Each structure stands twice: as structure tokens, then as C-alpha cells.
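Each of the next two complexes has subunit A plus one more chain, namely subunit B in the first and subunit C in the second.
Up next is the complex of A and B:
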């Protein structure tokens, strides 16, 4: 008997079918992949299973029994647990409280001690190393928050685990660990549904795969009997290339003194990811990659570079576009030609309950192209948003919907389009293709390379080593708050870079 | 696809439906205590629209609530909860009265009114700016500081009223009366109710603020900040500037209650003149769901209820003032229970 079966399930938003007549089943004790382009309806289908959305047609069966989950609480009682694409932890509370929220041991009384004991045991059994039980959740890195989410499911003893793009935010090491853990969970008879845009991952770690396209089920394959090309073709409806193969213009050797952005002896203490004597140059017409295991200072560096005014205690030098930028604010940097794609699109990049035009305005709200005498002319803005929707194939293609209505990958496309809109000469880009489907990755990589070939400077932060090696001219590897090594394009080698990321020598 | 205006329109319809639901519940209670609901409705209608005078009085109750409703709704856009409209309006009203004392020799009504208006605005504005500044600078919670400033305002204005510009002739705790040039003329059609062209000015003010918030880059920054503080900061929106400016504007607007009361009605500052306008303003803004233009109908609704509660007390046997407050409360509840509507809607859908 299947652990889970979708029988003709549909879910609409208004007149729009996010899921149409989905049918597939998942065998118990397997890992089942769920893939599809951005906006294909993966998250929606899983949210319906998890009781967040009521379904508008069809039946969901668990252990062969039809169920109607009216709420996540009910779903959890049926042994279904979900880690959302965008985490749903309660900000200022501690990790411990977040995990035991709603599942407190003891009657009417929080027995934190007991819960902690149990959690430590769980984290050991599954090899999910974690120590900061008493830290506030909003002080954790994205990767750590992810681990907390998974621990929470384990603590709830879910039998069916839904993971919505769990690896999008993890480091390669963490990804390996995660899959080891999933294998262990699988051996214990748990059923796992894995949503991912990384086909390699899906091919290595799942037992079967279901592909969605535009809300419909294209088919289900046994993983061992399919391959990357077939899956991509099913997802997109056309063949896709997986590495950037476009033109990389060769420029005369960049003059080192012509750096547009220069950091020297940058030291920031007293933050969760300190920086120690960081120095580098960013030159015209280059993509400078920043690699490193999450938590080694990259986050602080990006936040500092885009908003130095936030770090009063920073020490060292930061020059950009010919001026000292210590203590500058983002608007000043922007006027000097800088644009930003922040690490976390939801918390740092979007106004979820505003429409796309308002979101497009963020950061451009004093741009003279749209603003005269302090007054915004939205009629000039709207065509830009429409162009962005066309260029990046943002779906659904409407300017007047809330940003929260876009699927994760489409939100990311919007944030990138916005950064490119002002024709900046320098771009700080973090995780540009996080949660983006294979077709769109191509498009985004092309867009970044086009900027470089036009002579722009790009500082690229990514946890995907492949992406960094495909695009970068040079790569800086961060370890323990400092630049541990620099690799030029000739020297790129995943093993060598990985070694330095882990603290080894070049 | 749902557009923004459609969403606001739906939200407005929901508010109206909510008011109707609350009113029906209230009428049901009237029925239970033995009063005819029809009579109650009739009294409410008569007391607010029955004559020129009644309508004028309704507007007179509405006017300060427009101002205090705005004073709460404006900072709310940026995520601040201004509980201090009461203090801001007190300080503003005193400043208006004081302007009359200082400018006693001003002959031109235009200059006099402009002078008093700017004094009231400035005084209220500074009183609002202070918690905005403390929030931006020290992170002091605005709810606490504005509440404290309400008490301080009451004390300070009482002091000045009694010791600096007290009317030597009067036995009451009130300031020297304003010279003629400072008086705002009421409409003759209102038969003595103290309300005139000022009401149009207030409507224009609300429309202007709405427009500024929507069109200006200042308003955008404030909205972005209220929506997502981290994102706003990441993209260079200064918390301090937005918070301080919005609180200054809010305080200034609250201070204009001085125009309604001091210039328009009693022509002097009286200690304790405010019928808790500042606090009712919170309810006005919440019923309007923080929407600037929504403050206008919302304040009018409260004006009607406030005017009506006195009449209900007098003209019916069973309905006391307290009971009419209860009805008021039910209406507010009906309007603000947004979740309730979502819930009812879901039930209906499930049934289908």
C-alpha cells in the first residue's frame, strides 16, 4: 500500500489552477523527488497535503485512507511534517522553544530540561550536529535555521517528511550530511518527499521522481531508469544545457590600480560572523567569486559592503568608486553605481504584502528616473516591471499581485531584475540562483555574464561551487573570517577549493 | 487577477458589513432590554441628521476624531503605534490659545488663524517628535513613551493654564479668551452648532496626507519600513528619519484639534476639554484599518455614535449611556473582526 497517494488533486487560486488533476503515489520507506519549474505548483501541492490549503478537487490518501487535512495540526497528527521553502520559525524565540512549540512535554508546563535531553539524543542519532539550543533563532545563519527545522520534524516523530528545497541554502558539506541523515531515516521506514531544483541531487538520492509542469503532472519515473536530460526535458518541455557555455569576453589584462571597489585590513568584531583583516580588489569587467562554508564571514562582508553604516565599529578601509565608504549608507552607494541582490530574498529583499511595482521600487525609491521633487511617478515604473517580467519570464505575469503570491524562484527573479534595472556598474550578488529552476538558471547566468562582458564588476557570493567556477574570473575563499586563498581561473579545481574551505592549505 | 483597488474596495465593503452586523447585535440587545430597535434607530438618525443643528453637532464630534484618527494611522504605516494623540492634541490646543494671547493685537483674521494653526501644529508636532526621536535613538518603545507623554502633557498644560495665561476674570481653570480675529465662523445653517468651513479643511487634509503617503518617496519609505524593517534598512531607508518625520506629522495633526475646540468652539483653552479624543482616535484608526482615507468615514461613524449616545440616554426609557457605549463597542468589534469574516467565508465555502 502506498504511504501517500494523490488522486486527481486540484487546487486553484481564483480562476488559476496551481495544481490540476495531480495523480501520483509514494511508496513507504522511499525518498520521492518532486521537481518542476518555478511556479509549477510543487510547494502548493505539498501545502495542500500539509493542510495549509484546502484542495478544490480530488483525493489525498494516506496509508490508503482518504484524508482531508484542514490544518497543519491535523496533518502533524497524521504523521506528516513539512520544512517549508521559507522557514517558519518564530523570530526572537530560542531554538529550543521553537522546536517544542506546540509539542511541549509535560502537562500544561514546559519541561525544557526533558525536551532538551530528547533533542540532544535525536540530534546524535541522526548525526545532525547542533549546539546552540539556547540561541535566538533570528541570530542563526540560514543554514543553521534549516537544521533546526529538520530537527523539529524529527522531534515530532513525523512518518512522512516533506522537504521543500532543503538543500538550496546548505553548504556542500551540509548537503552530504543531510542526505546521509535522510538515508538513515529512510532505513527506519520513514517516507520522504524531496523538492529540489538540483537534478543531480534528485538523481543520486531519490528512489522515484514525479515531474510537474504548469500545475500538471507530466509523469513519474523510477530514478534508476531516468537521467538528467530526460527530467529536464520533462520539466521545461525543451532540452536544457546545465553549465554556462556562453561567451566569456577576454579583456586586456585588467589594470590592478583600476579597482572599482577596494577593501583593506577590514576587521569587524563583535558580530556573530566576525571579519579579520580582509583585503581584496574588485576590478572592472570581472566576476569575483566568494566561496566558503557558511558562517565564515561572507554574510558579514556582504552586509558591510552594501550598508557600511550598519557597522560603526568596522576597522580598515573601504573604497568604492573613488571615495572612502566607511559609514556610508546604501543610497549613497547606489548613487555611485552599486546594486545588490541580498542573501535572503524574503527577509531582506521583498515587501511581501505589496504588489510587484512597489517591490520594484525598493531601493529605487529615490532614483531620479522615477522620482521628481520627492514625488514618485509610478507610470514610468510600471513598464520597467513589465519588461522585467518578460525578460525573466516571471510567472504569473502580473504587476498588481502581492510578492507573496509569487513562487520562490519567481521572487528571486524579481529581486535580480530589480538589481539590474538601474544599469549599475558594480553588482553585489548573493546566491542568484537559489531556488531557481534549470531554465531560469541559464537565463540568470547569461544576464550576469552579459554585465561582466559589458565591463561591469560583480562580486558573486554563492554556496554552489559549480556556479562560482562557471562564472568567476577569480575566487576568494573565506575561512574563519579571513581570505584564506585566492584562485585564478586557471587554478580552479573543486578539490583544491574545497580543501581551503575546510581550513586546509591551498 | 486581484488588483489593489479591488482589495481596498472589498475591505471597505467588509467594514460596512461589519458595522451592520455590530449594529444588528446592538439592536438585538436593545430588544432584549425591552426597547424597540426601530425607535433606537430613529433616535440615532434624528440625533445625527434630524436638523441642521444636529448635523452640525455630529460634525463637531467628528472633526477631532478625524485628526486623532490620522495621528494614529500615519505612524502606523511605518509600524509605530501612537498612543499619544491625547497628549499631542492637548499641547496643540494650549499652543493655539497661547497664540491668541501673544497675538492679541493681530487684526487680520487670516494672519490670526494661520498663526494659531502653525503654533498648534508645531507644538503638537514637537510633542510627537520626542517619542519618535527616542525610538530612533534609544529604541525606547513608542507605546510606553507616548503614554507617559500623555501624563506629562496634562500636567504641563494645566500648569501653564493656571499660572501663565489664566483668565483672571473666570473662576474656571481656563485661559484668557481669544480676540475676535481668532474666531472661526460656524455655518449659519447649523443653527449655532460650532462647525464651519473647517470640516472641509480637515477632509482636504486627509486627502492631502493620503496623496503624500502614496505619491512621495517619503511615504514609500515609511510604508516599506512598516512592512519589512530589515528589507527597508538593507535598501537604505533610514528608520530614524521616517519615524521622526511621521511622528512629527502625526503630533502636528493631533495638535490641530486646537482649531476645532479653541478657535472654533470655546475660544479659549479649558483644562480637560478633550472627551478622550486621542484614545477614541485609536479605535477610529483601527476601524479604518490604518487606511488614511478610511479615517474619514470611520471618524464620522464614531461622531454619530457619540452624538447619539447622549440622545439615546435622554429619549428612551431603557437605554442608558452605558448601554449605548456597549452598542458602540459592538459596532467596533464587528468592523475590526476581520478574521471573523474570513472564517465565516470559509464556513460558507466548506458547506458548498
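Up next is the complex of A and C:
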């Protein structure tokens, strides 16, 4: 008997099917992956299960019995619990109070001692090793907070645990720990549903996988019998290549003296990620990759290059487009032909509560194409946004919606389209595919390569070594604030680069 | 010596603090549930008025107290309807409550006593002696206990701090907020009653004189926690007390300090304390946000 079964479940909003005829089942005592791109209907399905949305057709069965959940409380009574992406924990309250909320033992006076005793037993049974019961939640690390969420579900006696993108917020060590804990829960008979869009994670840690696409169930596979390519194809609906296989134009050997951007002996002290005597050239028609474990100076370099005026104490030389740029402001660099795709699109790239047109204007507010005598001409701007939406297949394809309505991948496409709009000759691009769906990754890589093939210079920062090796002509590896080694395309080798990233020699 | 200190300083301080303590505890409950409460002033005012009127008619201050609590509750219900049911802006709705409460007593006393402002004095034997202080003590102890050691307190705190967590635990956030608002109405109404039937013997126009706002300042200074909030009330009560005692006193030179200058003291201290001493007082995370 399945722990959970969806039988032809549908849910629509107006004429739009968020879930259409969804059928899959989850065996008890297993870890089941639920994957799909953003907007594929994963969370709608889970909300239907929780009774947050009433379903419009089909049946949900729990332990073989059909249920009609009308509220999360009912789902909870049926033994279903969920760890949300944004934790349901109040920071200033204690761990204990957060856990017992809604299920407080004791009459009149809270019986915290009894709850504590029970929790200690639970944490021992499942090997969760938790001790900070009386600490405030905001004093815990994110990984610990997640463990508190899991303990909360166990305290509520949930038999089916749903985890929504649990690794998105964790460090690699915390991820390992999480999956060890989940295996222990599984061994004790709990059923776990893992919502994710990270294929590797799903392949390593689940027993079976269900793939959703555009609200429909594409299929369920036993994890051991499938692979990354198959799952990706199921998710996107067409074969996906994880490596860029398009054209890479070969140019005559670049003349080193023609560098468009040159940094020499750049030293920046007194910041959290200092730089020490960094020097490199960026030449026309090349992608120069910047690799390194986060925190080794890449962030400072990117910030300095895009806004040198922020670093008064910087020492060394920075030339761009034939002029000294020490102390320049971003506008001057932009006028000289530089464009930026920032590290964090949410905090540095977009105004979430503004429409796409306003967002498209960001940074182009002095461009004579859009601005006359200090007045913004929206009628000139809108067709450009519409063109960007078409070229990059941004969805939903409306100019008048808030940027927050777009999924991460679509937000990133908008940021990249905006960076390319002014036809810059040099691009600083950071983490272009972070948090982006597999389908959109391809398109973004194509766009970057197209710019290179058109003769532009691109400095590409990424934490994905695969991405850097696919796209770059050369890779600089940063270690401890300095360029530790440079690799040319012939020399690319993940092990060699990884060794330098970790402080070793080339 | 100790006795003299007690009767000259401690008792008067506690006496003038009583209205603040009641109102501030009410404000704390309300704000902890996630609803901004600047309407304390209005609740106190109607509480003071109805306590005085009821006590005048029935010569029974306990009935006055009940009338005050009920009138505060009624006014808070109007506030609840506008901010919870109709999601009005809480600052605007609270201001409206205060303005409304400012107009009710003069209107009714014109109708009932043909006087726009003051009510007839209540009989001397019907004036409270020390009951409000006992009630205050009970309120403080109950608040502390309920706040940290009961299911109600825990859930109400979550309503203001993380309503989604409360909701996913199967508890109605809106109901907790209704309860928070009702508590503020009842307690601030009782606070108003102590003004007209304990600290004086009739209602006078606008007799709360900003105490509702000072009580709110005490909530903030007390970081939305019961004991510090009460201590903050005592601080403000003390300055009020000093203010009363300094009136007509010759501090230096030949003539006394003008009374108007002395009367500034409580307000000035409120302002200074809020500006400089509060520092990192952190409001409930979802205070004023209705989703």
C-alpha cells in the first residue's frame, strides 16, 4: 500500500491548469523526489495535499484511504508535515516554544518539561543530536534551524515529511548532514518527499523520482534506473545539453597589446575579501573565466571593476577603453562601453516591486535613446522590453508585471537582456545561471557565446566550474586574494583547476 | 523615615502610574498580537468618562470600573472591525479612534448634564481608596504568567512574530489579534477609570492628556515585555510625581519655576528616553502587517 497516492488530481486557476491529471504514488519508507522546473506545479500539488487549495478533480489517498483535506491542520492530523523553504520559526522565541506551538502539553500552564522529555527521546531515536532546546532560534545556524523544523514535524508525529528545496539555503557540509539525517528517518520508517530542481542531489539521495512539467506528470522512475540526461529531458521536454556545444569562432591570435581592460598590481586592503597584486588583461573576442572558492577575492574584484570609486584605498592600475579608471564611477564606465550582470540579481539587479519596464530602465536612465531633456520616454522603452521578452523567451511575457512575478531564471534573463541592450563592448557577468532552470541555462550560455563571437570581451565569474570550462577561453584561478594560476583552454582540467582553487600548485 | 519615604514617594508614584500600567499592559498584548495600538488614548478617555458617569449614578465605583472596561471593549471592537475585518491602515484607524473618543464625552455630558466637558463629581464615599492598586498588582502578575507560561501567551506572541507559523500549526491568527485588541480595550478602559474615580473624583475634558501615548511609549521602552513595560510606566509615573511636587517650589532665585515648565517634564523625559535610551528595541516582526 502506498503511503501517498495522487490519482488524476487536477487543479485549475481560471482556465489555467496548475495541475492536470496528476497521478503518482509514493511507497512508505522511501525518499521520493519530486522535480520539475519553476512553475511546473510542484508546490501547487503539495498545497493541494495540505488542503491549502481545494482540488478540482481526482483523488488523493493517504495510506490507501481517500482524503479531502480542507486545512493544513487536517493534513497534519493525517500525519503529513512540511518543511517550507522559508522556515516557519520565530527568531526571538526559543527552539522549544517554536516546536510545541499548536501542540502544547499542559493544562493552563504550559508543561515545557514534558515536551522537552519527549523531544529528547525523539531526537535520540532518530539520531538527530540536538541540544540547544532553550536557545533563541535566531542564534542558530540555518542548518540547525532546518533540523528544528524536522524535529517539529517529528514531534507532531508526521509520518510523511515533505521538504521543499531543503538544500537551497545550506552549505555543502550542512547538505551532507541533512541527507544523513534523512536516511536515518527513512530507516525508522518515515516517508520523505524531496522537492528539488537539483538533478544531482535527487539522483544521489532518492529511491524514486516523479517529474512534473507544465502541471502534468511526465513520469515516475526508479532513481537507480535513470540518469541526469533522461530526467533533464523529462523536465524540459527536449534533450538538454549540460555543455555548450554551439559554435566557438576562432579568431586570429589576439594581440595582447589590444587589451580592452587591463588590471595591474591591484591591491585592496581593509575589506572582507582583500586583493593582493592582481593583474590580468581582458582581450577582444574572449571569455575570461574567474574561478575560485567563494571568498577568495572575486567579489571584491567584480565590485571594484564595476565601481572603482567605492575603493578609495585601492592601489595599482586599472585601464579600460584606453583610459585610467582608478576612482571612476559606474556611469563613466558604462559610457565607455561596459555592462554588468551583478552577483545577486535580487539585491543588486532588480527592483522586485516595479514592473519590467522600470527594471529595464535601471542603469540606462541617461541613455539618449530613452531619455530626452531629463524626461523618460516610455514609448521608446517599451518596444525594447518587448523585444527582450521575445528574444529571451521571458515568461510570463508581459511588460507591466512586477519583477517579483518572474521566476529566478526569467529574472536572470531580464538582467542579461538589459546588460546587452546598450550594445556594450565589455561585459562583466557574475553567476549567470545561479538558481536558474536547466532549460534557461542553455539559452543564457548561447547568449553569452554569441556576444563573444561578435567580438566582445567578457569577464565571467562563476562558482560552477563546468560552466567556466564550457564557455571560457582562459580561466584565472583566485586564491587568497591573488591570481594563483591561469589556464588556457588546452589546459582545462577540473582536477588541476580544483587543486589550485584549494591552494595547491598548478 | 522609611515610612515617610514610602508615603511621600513610593505610594504617590505607584498611584499616578496606575493608569499607565493598565493601558500599557493592554497595549503590549495588542501589539504582541501584531496590531499597532495608538488608540489607547481613546480607550482611556471613554473609560474615564463612563466610569465617572456610572459611579455618579450608582455611587458604586466597581460598577464604574465595569462600565469603563465595557466601553473600552466596545471602542476596541470598532477598531478591530476596521483594521482586521476591513484592513484599514492601523495608524489612521487608531487616530480616528482617538479623535472619535475625544468628541464622545463632551457630547454625552451635554445631553446628560448640560455641560460640555465635566461630569458632576462622584460622592466622596464612592471614590476608590486602594482597590485599583490591588487590581493593578493582579493584572501585572497575571500578565507576566499568561505571557510566558500559557498556551494563550505563546500563541499570541507568534501571531505578531510569525503568523504563518501559527497558521500552519492550525491556530487562527485573526482570532488571536481580536483577543489582543479586546485586551487593550478592556485594560486601557480600566486605566481610564482610575483617572476619574481614583486619582480624581470626576471626569474632566480630555483628562487622559496624552497618557495613552505615554503608555505606548512605555510599551516600546519596555521592549514589548511585561515586566520592563511596567517598570517603564513607573519611571514615567515617577517623573509625573516629581512634576506635581515641583509645582510652586522655589528652586533658585526668588520666584518659583513657572508651572508650565514643570509640566513639560513627563513629556520631555518620554521624548528623551525614547530617543536615546531605547536603542535596539525590536518590535514584533509583523507588527502592523495584515496579510
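Here is the rule we go by: the second predicted complex is superposed on the first by the 301 of 506 C-alpha atoms of A that agree within 3 Å, B and C clash if a C-alpha of one lies under 4 Å from a C-alpha of the other, contacts with A are read in each partner's own complex, and residues count from 1 in each chain.
We take it that contacts are C-beta pairs under 8 Å (C-beta built on N, C-alpha and C of every residue); 3 or more make two chains touch, one makes a residue touch a chain.
Model, not experiment: these values are computed from the prediction.
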item	value
Contacts of A:135 with subunit B and subunit C, given as first, second, both or neither	neither
Touched partner set for A:101, first subunit B, second subunit C, both or neither	second
Partner chain(s) touched by A:76 [first = subunit B, second = subunit C, both, neither]	second
Partner chain(s) touched by A:398 [first = subunit B, second = subunit C, both, neither]	first
Subunit B versus subunit C as contact partner of A:92, first or second or both or neither	second
Partner chain(s) touched by A:67 [first = subunit B, second = subunit C, both, neither]	neither
Residue contacts on subunit A - larger count, subunit B or subunit C	B
Overlapping contact positions on subunit A, where the subunit C interface meets the subunit B interface	none
Subunit A - residues contacting subunit C, complex	71-73, 76, 82, 84, 88-93, 97-98, 100-104, 106, 108-110
Subunit B partner contacts - residues on subunit A that touch it in the complex	14, 54, 306-307, 310, 329-334, 340, 342, 347-355, 358, 361-363, 365-366, 371, 374-376, 396, 398, 400-401
Subunit B to subunit A touching residues, read off their complex	1-4, 215-218, 220-221, 223-224, 227-228, 230-238, 349-350
Residues of subunit C touching subunit A in the complex	145, 149-151, 154-155, 157-158, 161-162, 164-171, 282, 285
